[in-house]
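Next come two complexes built around subunit A: one with subunit B, the other with subunit C.
Showing the complex of A and B:
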């Protein structure tokens, strides 16, 4: 059995097994620390910094999704520094990213009374929707760079490595290598990335078309003709380089 | 490799090389990166500069090179080596100043068969070239330091992570590694003592953030160079998950000297907590710029005036910026601050890896803060929110202030963003990013206020807040300004006083620079 560690979270002294993260330790006594980039089935990376907490004696705030408990740790999940930081981080996100399809983050913005127009002059991330395959679209204007899609595409699930970070600083975005269209990459269209996207930046194409006002029949037709075309062309004999 | 089967044979070889290598007196560049040392300088890390041919291992050996390694391998236990380094008080020269002996001890104590030693030669600070000089002119000192570290912690493989923009350093390092291997000072069974360790050079593409240790290791592994949360620290889980000891070039270069001359000798230089010497790339508005090495504890004033020869063109001193892009700017009142890790931090700056920029009275501190923030936001890896968005927002505000569009509340917003970015960012880049803003706000707040509330740039640097005009009485009508103005904003007949049309002027400042009669003036009112 693992060693038990005693620590205090918001005044409650508890014991949890060694190696538990602060996030999970808090959860075990019903204290909910907000998270955005964290996902139970992905490697935690502490990117969004919304889950930061105050630990006595620490200069900086500590991301609870990755930080492990230690003996006699004094954790405050709602200190003034923590609340102010979370609020500002939410304001940073909302000032630069389209969060209209991220209900969880919008709720946090309400809860922390974050001001969506705190940075009125902020440059917004503007990206055209990438519609380069029949399965799903990528709308990076809505991307908060949680990195979950990259991780499930890589070592967290699929081992396909089709997407990664590109660019630097404010220009950072998720992309394929050399910005190639998805069908030209190692992508196998497994859809794991869509499953973990928290903001609607990755979306099945049908859902996107429906939102765009297409009727289900039209969509069926769209995909059917495409499918037909494909069978027709692949049925054609391809030997001897008989290209049209 | 010589067919030596006992360390004593290496001792004999070294004595032989020493008697047969002629002693040369050092040659310094007349006008270049390094001049002969001034009386306030001490050369430990740069001791072989100009004295030896870095591409000839015998010349390094003639200066007691590899003697420290031989002593360690034959007479010291790994624990004893760590003890000497700990006693010397050597601290990491890459910026944070973590005690080197302690880091070695941690890595040694970490369980694991395979361990690594990494030399951080990324040197990303703009204008810094301290590490490059050591790599180019004394590569064996770095190698020797790394082998000693490897022996102390029990590592078998080392890497020198050097930026690709340093082709000469990479070339010389590779030559040095080859020569050391040929002599049996690296590789299998080093100096016939049974100890194995080898080193490879890895090149980085020159991203500033790749100097951060976890990003550097990601880059060596072939991933995108971006930091990951610590803990676990590299000493516990570094390269490929193995315990890894990572130190700066200068940290390693100090090691052989400490072993040879003893911990007391090293600890006799410096202050209570900052021992030894430090190299700096002295730049900016001083008479003698270039690479210097000074004992720690020296005051900033001594560096600026005694080593640097004072401010150029008899101008007044305004600030000195230490610590690179994440450092701080200190004003005249702080010139007596000793160069010491704790004292600089207390003053609102940092030691950093050795950047030092001196600024004269014509420098606008808001513009300087904007300049550094521009660098930082561009170099942010973009992984975590506070750094990616926070530095960008701070830059937007600073740019606005410099353009004369600052508003009430901007200073408070900068202070708030600085705090949030500092305490919430994932790595040292975001945590240090607010330093230039916070230090200038602390020491030069009135300049921010002048920009925001009076739409005035006291140093007359920020273009949008400056007007150019010609003093009629001083103008000889030579027409130089009119000919050089790129937008034809200057009018006037030959030998008649000229004038500038403010509507057309783009404030490039060319007329101000070319006028021989000081008739063009800048104003900011």
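Showing the complex of A and C:
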């Protein structure tokens, strides 16, 4: 039996087992702290900082997905400082990344009344879609670097280690080693990475083609060479269609 | 701007391997564009492999047959040919196709009797499909010539388990591997053939501190996670595992209390282990004696030791003994009947466990009730409304025997549901000759594969996504398969085709009593199966809507059986078996100096009917022969060279892959590729009890040939994975 810890979250005094994170402690009393990079079935990394909370006596805001509860902790999940921080994070994300297929983040932007044009000079992340295999595409314009794909490719699920961060600072992106095409890496195409991608940056090829206006019949008539193509336009069959 | 897709989501069970992953099909206008898996799914926890996540597109492949077909040129025994081209077939109505099949089958049965009839059921079809097809052949044609690919798969394991324990399935749940502190994997390339179980095994080692022992002639990926790898020569399993038993006996590491309380025949067994000294075992298996001693100590001293195995154990002329050598180890150490322990044959196909449970077997009715037991036959006569004495009491022919018995006075007709014996049988040149001698062949499938090409009539079946039913996975979990799509073209679910055909045959035979074929939904078939097979008595569709139940489920309140043998074995006491080492049927010699091993790869599925008609084929488009660098250098061979591989039975041409994944003296070829089918090479010698052929070892030679000898030299994909 684990020791019970008493703490206060937004004025509610509760007891939870030792080792519980603040995020889960709040969840247990129905207080939902927003998360982006956190996933119930991945190791928490506190990368996105959207889940920060204010703790009395602590100089900085604390990421609730990794911080464990301690005795008599006083937690505020919606203080002014917390809201401002979350809002800024969302404004930075939306000013540089294509969030069009991240409905959860878009909802947060609405909820926090984040201003999408707060950083008008922000340089947007621009990457060509990487279409190097017949199974799925990688569209890193949509990538928020949440790290989940790298984790499930590694110890969180598959133990395959085909992808990792490359570059530093603004240049950081998810990549294969030496930027090799996926079929030439240790990738086994399990697609666990797609399963945890929150932004549509990783997408099954057929879904991608269908969204782009291909008809199912056209998709199924692609030749072996077309299916492997590096760019979308050259994969198009000659029959034409509603491509924009 | 991206088009918004209509997202209809249907939850179902994966149609590929025996793991039984939960799938969610995302559908836009009858087109599946994505598959996901719920993270709280009990079997796979959101994880999938390449086949489960991407391999479903065979459903929409342009080569799929979606109209009933009859051959334009009537086929004659001895002159039967393969017709892959749809132009050689006439598109017909369901009525015409079914009436034609019913006429021909009835005619042959009336003329030659039940011995002339035979059927291959299907480990990919549902329990309901299989139950119904075996019922059709038993009730209407009064034959037990009913089998399916389990014979070519785990027959040795099943017979071994039945002899020793009275059971025929994995004893424990696969995900329990994280509770083991030591586990053995033998004869299984788990990372490629049961990928989701493999990632649980990797986690068991990396996160839960379990120690892994791999016993295998290949350096499979799981060796990367192993504490010990015992690289045995193919076919020496009895020696290696009996060597371990010898050490356990000599060092008194056995579980005396378990032996006293739960087993029998210990003394005779122990005596037979005398000769298996580590020195002797090293001399026959090539495994260093120190490794055998260390493996024995590790497994015996474990708190919870488990053994996982696959076809490397069973596909042997002594497959039954191989399985018994593993069972002996578990009985000796008491590593059975508790969580995290057990004897776990990993079943290959999505429903091979279920097809066996459903009675798609020549010696058993549903629920492993023996056909030659009078009281069993009487029970089924009553259940199926058949006159007393009507059902056949003789053991039927097994898969390989069915083809060998094709001759005048023997088997004259064959019904194939979803199997591809012209890829999966050993010694294919011989198998083709037998197939050509048949008088009538009906095939029910999605594609005209190497076997369907021989048929007189072809019934287009619905895929897993076009029908309702259940699959039973490798750890005995009966899970729902849901109709997610309207059938493509005129395709119909297998159970519907079978029931419709049965009614037509019944009226032609003028059988006075109907065995009942008027089902409106597969759940009624499962209810009927549960009423005759006690282990499925509690399986009801409304109980398995969210989570499947693990058989046996004895009644509608029973909660299923995660692990077997807690207090006793079905046979009472677990029986030790005295064993002796026998070499493989065809050892290497001067003429054929290497040993050929066969198996599977991650991206493909068995005979290739589904995966070679899928984009999966892009990832692995050609057959390759794995050769150890030592042998490659001695023979002047490099990776990608064109190679001719030949045995006494046939030859194929394919590319070389020089790799340490195989051991010196042994080459490996996956069997999925029709244009270079490994089974033209394999030996059809069989285990005398289980009747399983020796796919995993025969004498072979190879030589470099010019590139233009390859069937499709252009199909080449550079590949990085191990």
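Methods note: the second predicted complex is superposed on the first by the 222 of 244 C-alpha atoms of A that agree within 3 Å, B and C clash if a C-alpha of one lies under 4 Å from a C-alpha of the other, contacts with A are read in each partner's own complex, and residues count from 1 in each chain.
Criterion: a contact is a pair of C-beta atoms (placed from the backbone, for glycine too) under 8 Å apart; a residue touches a chain by one contact, two chains touch by 3 or more.
Everything quoted here is computed from the prediction, not taken from an experiment.
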Where does A:72 make contact in the superposed view: on subunit B (first), on subunit C (second), on both, or on neither? neither
When the two structures are overlaid on chain A, which partner does A:61 contact: first (subunit B), second (subunit C), both, or neither? first
After lining up the shared chain so the two structures overlap, which partner does A:122 touch, if you call subunit B first and subunit C second: first, second, both or neither? first
Counting only touches as set out at the top, which of subunit B and subunit C does A:165 meet: first, second, both, neither? first
Tell me which partner A:84 touches in the superposition: subunit B (first), subunit C (second), both or neither. first
For A:4, using the defined touch cut-off, is the partner it touches subunit B, subunit C, both, or neither? Pick first, second, both or neither. neither
According to the stated criteria, A:211 is in contact with first (subunit B), second (subunit C), both, or neither; which is it? second
Residue numbers of subunit A touching subunit B in their complex, please. 45-50, 52, 59-61, 63, 66-68, 81, 84-85, 88-89, 92-93, 95-96, 119, 121-123, 144-145, 147, 164-165, 167-172
Residues of subunit B touching subunit A in their complex? 207, 224, 226, 228-229, 231, 377-386, 388-393, 396, 400, 416-417, 420, 422-426, 431
Write out the stretch or stretches of subunit C touching subunit A in their complex. 1-3, 5, 26, 28-29, 31, 33-37, 39, 45-50, 53-54, 57, 60-62, 195, 199, 202, 206-207, 602-603, 615, 617-619, 621, 715, 717-722
Per the touch rule above, subunit A residues touching subunit C in the complex are 40-41, 100-101, 133-136, 152, 155, 157-160, 180, 183-192, 194-195, 204-207, 210-213, 216, 220-221, 224, 227-228, 244
